[in-house]
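In structure tokens below, several structures.
Shared between the two complexes below is subunit A, which pairs with subunit B and subunit C, respectively.
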Partner chain A sequence: MPMPTPKSPSLSTLPRINRWLLALVAATVLCLAVFAANNLLGDVRSGNAWGLSYGAAAAILVLISAAYGVRRRTMRLATRLGAGSARVWLPVHTLTGALFLLLVLMHSGFRLPEGWVTWGLWLLSFWTVASGLLGLALQRWIPRRLTSALTMEVHYDRIAELVEETRSRAEAVAGDCGETVRGFYERRLARGFGQPRWRWRFFLDAGGGVQNRLRELDFLARRLAPEERGRLEELRRLRVSKSEIDAHYTLQRALRLWLYLHLPASMVLLALLAVHLFTVFYY
Partner chain B sequence: MKKKGQGQKGTFGELELPVSRRYLFPASRRPMLLLGALLGGAVLAFLLVDLFAAGGRFVSNGPLSSNHAAFGSDCGNCHFAAGRTVSNDKCSVCHEKFGDRLGVFTFAAHYLYRSDDFRRVVPSDRERPCFACHTEHEGRAAQITRVPDGECLRCHDFGSFNDRHPEFDFVAEALPDDAGLRFPHAHHVREVGKREGLEDVERACLYCHNAEPDGKGFAPLDFDRHCDACHLGATVATPALPIRQDDRLGVETVAAILDRGAPGSRWALFSNPREFRIRGDSLVKGPLHHRDPWIEENLRTLRRRLFTDAGLADLLAASPDAPADDLRRLYEEAVATLEAQVLELRGSPDADVQAELERIESALEGLRRRLDDPYAALDETRFMLALDQRNPELTDEEAAAIDSLAADLTAPCRQCHLVADATIARVQTGQRVLRRAEFDHRAHILQRRCLDCHRRIPIAEGAATAEKLAPEVDSAAIQNLPGIETCRECHTPALASQTCVTCHYFHPNKSHRSELLLYLDRGAG
Partner chain C sequence: MDKTGIKQSELHRDRWSSLDTQGGIVEVSERLGAAELEKIELFADYDRKFLDKISHDVSVATWEAGAVLFEQGTYIDLAFFVLSGEVEVWIEGGGEGGARPIFDLDRTQVAPVAPAERTGRDALGSTRLMKSATRVSDREITMLATMDFDLPREAGARLGPGEIFGEIGALSGWPQSVTARTASPCRLVQIRLPALRLMKRKSKALKERLDGLYRQRSLAAQLKNTPLFQACTDMFVEALKESVELVSLEPSEVLVREGETAGDLYVVRSGFVKLIQAFEQGEISVSYLSKGMTLGEVELMIDGIDGWQATAESVEYAELVRIPGETVRQMLESNPGLSEILWSSATERIREIGAARRHIPHSEFVQVALDNGLVQGSSILAIDLNRCTRCDDCVKACADTHGGRPRFVREGNRYQNLLIAKSCYHCRDPVCLVGCPTGAIHRAGVGEVVTIDEEICIGCSTCYRNCPYDAIVMWDTHEVWPADMVPQGLRGRERQAASKCDLCADTGHGPACVDNCPQGCPYRVASLEEFQALLDRRP
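Right, the complex of A and B next:
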């Protein structure tokens, strides 16, 4: 029986994200080639025909990119209009946003801007695109980290409730313990159960260094009676869970706070763009 | 009694933490949107207030160039109070002082650049506003006169300088240098070098090619300054020339010229009789002066016999062979001759003559005004046609005799000058050759020596030998200028500037504009 021949890789077999990345790289190379050819013909300035063409293209791209935000907030309407799925919109948003920055640089001939508005546009373009790319990176990295390094999944909006549940259970267990364990709980563990904690360490280590603290419990367990040891083991499990909830809190919060860096800045960018277009066409 | 777990969705995790019984609504993002809207709205409001109420300092795309920095405090200085684009009228308020009445800055007027031909100034549908080429708001250091090539390439399909720029006309069409002189360069360089004890050949060039104060070009050639030291010394004289008597062809003596009362012959009253040696029927004039009036007058008399109607050319000291754009200069020279003749007649006691002079002076004043009008059409045929047809009543022998006498009369002149039709050829004293471009010698002399570029005539080699070079190799008619390839040795994208405006200007130059303003002051137009 003949062996089936393996399919050679083609564009259609590439993962979707790679196709968009390929499109971005191709568009970037094309833009830079056009700019290089343009530079041979003559100087590119924001005010001449070439510069204005790049500026107009940048404005169109940023509007397409901004339409993603509108689409997200008008889901019902978008669905009714058949405006496409988020799987398509997000890469388009990313692609047009990145190309927008390149075209802004081409618009100014890769020179620093001069006016207040143009400086604002320039800096906000960098900030918005950079924060967008940061968000994209976080969205691809954090979910993987949460599912691969932690044993449980937690809904972000339930974290406060679950922390409270964990704390009350821990206090109940500690209340049944003898003097030694209770004292240890009050001195070393109670603070950790108090509230959800943001720790930068979770970005590097999802365990958050909880094993160091557990070594104290192990040391104590060896000196306790068997019934006390069981309660201490319960406290140990509660402490590990609390640490995982904190990791969820930190990483999921980063996913939400990132948008504060991106969205308000992009709205100011659009306002400045409106002023810039007005002054260019009016004057 | 409820069973265990009833009413609960269950538990999760090792600790069996409870699963929520209700759907969890994600936290609202409205604060974030609100923050963005507030910031964007605040920025928008601030800029709109700045634009319409505070001069628009923050809305501006950038500071004005240093040329216009003084106007930057108020947008209304250029943009009008109600906004909108900067009109050409606004620019001409300062740049023309009188409004753009003559349209010096118009698209059509750019043909004036170096051509001086006002007939080409006609309305064009390619007219563009000033700001289209001179982009402002690009910072204090921006050079708004450095217009990008793209603006020129809209009409001129030349590509870049090192690609499709055409060869210079004098090379492409092998145009001769209309110097009007016999002038071997190498011989002169050798002689000047010997006289002045110069070791560097190029130092000799500077004895005639005197840089103008701005260092760009060279001052016009001048006999007294450049030639007199060696030419027309005290021993130079004409050959023996026959004196005109009745029907016999010959030259007129000073006394005969005075008797005839020829116009413009006052010089004869002050001539030195010792310079004229009469031997029988012939006369020798020596020493001679440059533009010797006796030779000029006799030459004019011979020319009148050759051509019955020499037209306005009769009022010129040399031939009317001038470039078309120098036609105005010919007219000015003719008018100056007439004015000098009128001045001489002012001494006449005859009342009729004085009355007639009033009328002539008035006519000349009108002519002067017309010459000051840059748009006035000048008839070049008034100079050109006159010398075309010889007197049909002259036999060939008579005409040949006149030509021969003119040649003898100008024998000392012909050492340097070309003479034909009893007329000395006009000398192109100006040393500017490029008509459509500017060349700044000062900017180039730091990089290259004279003979690195001016190498069509082998001056250095010729100066090193005792022999004169053949006229085909070294004469004033050879245009000793480099072709475009020489320029391209340095003007490449990697080395020196090669934009259109490096060499070409769009607008007529400033000196030309001042002449136009002078014309306006005189109330013409």
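Right, the complex of A and C next:
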């Protein structure tokens, strides 16, 4: 029997991100085609009519992109006004942000800028778009790591409280143990129950290799009396929980820290853009 | 008094303390001992040990004349037994009146009257705090309670000493189909649902009495509104109501076992029943039955199948109607249309069982859905964790919409990549409505969302305790009830209020949590099919 031929997905059934990616590619090709045709007709410079048109388009795009930040901070108002769902705003933000960079390059005719304001604008545009794309990648990647590799779901704001709770339970269990297990706990486990820990390893392995690190605990467990083994098993369970909390801490913190790469730069970019527009039109 | 007696008295005070806040009540008894209870006819059949056991869930209240016991459309968890005086019950006008289809597949169809539209309260004599149109003072609250009757529209009835009412709604979790008020000063025995269930289970006589009342008051009208019996003549349904048996199941009680001889047809009145089949060395859940669904059609319709195809076990408390096989065969002879309905149902059951056996994860999903109440919900907040960046914009949006207090938390049970948030499931049969003394938690109309009117919520926590999914939260308003508050029981107390998701009703927009998530990961899921579709979606 022949294998059924998979149907090509129609545009409406393509995942949302793919549709937006398709739109971005199409818009980029269109912009580059316009620029190429334009270049055949005459030189494009930031000061001539063509360059100014691209610059104006870039400014409009960056303002649309920045409106997303306003949308997120005025949720009540935006919902009341029917300003559109945030799930549509995010791809629009990404699309307009990426096209903005292309139009900035077209605005300068793909030449290096002159003067400190334009250099600043140029570098900040690159930085903002690059950090934005990094954020987008993190937002796609980290949630899947958190979901597929971890069994616990942890609120970032409650991490300190959970760590403290886990530590005190571990100490209570260790306190009930005999000298061997208590000594093992103090030497090999206690440090792990301390503060939430940032570990780069979680980016590649959300499990953090904890099972591997707890092998010596298993070795010890096989040599203990059943009651003591039960306590050690409880310590093991708590240690695995702590490792999961650390993974949440690292990965959720990365999702928060990323904003510090993106937001301040985009604020400065908008301010410099205002200065740039003022100087262009005033002088 | 021994330690058990003291504990029972404390429990009694705890159970009945909210009656202090109820208008129209003159006096509520302390816990009655077994010796006092057995003097009441209703309890005469029970031994003293049993009466002691249920005593904290039984109280005798003296009501003044004209007090509203419950209103049409409200949910209660009490049965009433009249010791003295008279109670009048009637169906309020409007709509189609009369009993409505209880066996409806989708949801309970008894439409409560919106509090703002309730009329005739001024004549009731009890003090009140009501909504806009009829509110006379912001310091008075009308207390409601409950029951179920099949009366012609606008008709009424009077109940005297020795009569019992309210038990049908309480046992089935249905809204009351009538309004009841005291026609004269009354003494009423009030029995809470747990005690009523135990009493019904222990005494065959009481079961027969309650079943008799159900047959007399409700059954015919409800059967007539069930799709299965709509084609039958009134005369047939009247005859049918005498031949059926009413079955009550405890949680996890087995109704029928796989392989045992089948022959009867069961119709679910309330609750859920799961169908389990043996599989390898264990068993799997293959399907479930909810209100209005039938069991036994496969075995009745298909020649050669004589034994039950699956074990049927109740999930929580469940009420069913058993129709003898012989009666079903008579029905099929006189109503050929019925055969089509039963064949369709049988085919669907066979398809479900086959699918569950071929696709084991589906069986796990059915089990999870039953264990977590997903079968109940009509708008469950599910968050796709594969896309959720844990930014909490959903919670912030909820808080922004509701005066800074979010109505859900981004916590809950996780199944695969879905987080079932602790947010109102918007149950088809909401148990949170049962027992609200003021009607603050209400459903404005058939199929409407359940909302809480914070103005008349007295913070008694009944709905909070009733919700099986931790979806209702109590919050401190930082206010104190005024010194001249009516009912008096509230005076000077700290004012608390219940709060729950209402899908952003009355805000002019859809749920803010869904609208404000940039990743598009929260979903409002209305059915198990939608859940399955979400799970099947590739990341």
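We adopt the following convention: the second predicted complex is superposed on the first by the 274 of 283 C-alpha atoms of A that agree within 3 Å, B and C clash if a C-alpha of one lies under 4 Å from a C-alpha of the other, contacts with A are read in each partner's own complex, and residues count from 1 in each chain.
The rule we apply is simple: a residue touches a chain if its C-beta (ideal position, glycine included) is under 8 Å from a C-beta of that chain, and two chains touch if they have at least 3 such contacts.
Just so it is clear, the structure is predicted and the values come from calculations on it, not from any experiment.
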Judging by the criteria at the top, classify the pair subunit B and subunit C on subunit A as clash or fit. fit
Touching A:Pro226, do we find subunit B (first), subunit C (second), both, or neither? neither
Once the shared chain is lined up, is A:Trp89 touching subunit B (first), subunit C (second), both, or neither of them? second
Of the two partner chains, subunit B (first) and subunit C (second), which one does A:His155 touch, if any: first, second, both, or neither? both
Contacts for A:Pro143 in the overlay, against subunit B (first) and subunit C (second): which applies, first, second, both or neither? second
Does subunit A have more residues touched by subunit B or by subunit C? B
Of the partners subunit B and subunit C, which touch A:Gln252 in the superposed model: first, second, both, neither? second
Rounded to whole Å, what minimum CA distance do you find between subunit B and subunit C in the overlaid structures? 6
Mind sorting out which residues of subunit A both subunit B and subunit C touch, each in its own complex? 153, 155-156
Subunit C-touching residues of subunit A, taken from the complex the two chains share: 16, 72, 75-76, 78-80, 82, 85-87, 89-90, 139, 142-144, 146-148, 153, 155-156, 252, 255
Considering only the defined contacts, which subunit C positions touch subunit A in the complex? 385-391, 393, 396-397, 400-401, 410-411, 414, 417, 419, 507-509, 512, 514-520, 539
Interfacial residue positions of subunit A with respect to subunit B in the complex: 40-43, 45-50, 113-118, 120, 151-153, 155-158, 161-162, 165-166, 169, 237-238, 241, 256, 259-260, 263-268, 270-272, 274-276, 279-280, 282-283
Can you check the complex and tell me which residues of subunit B touch subunit A? 12-15, 17-18, 20, 24-27, 29, 32-33, 35-37, 39-41, 43-44, 47-48, 51, 56-63, 79, 83-86, 135-139, 146, 148-151, 153, 160, 493, 499
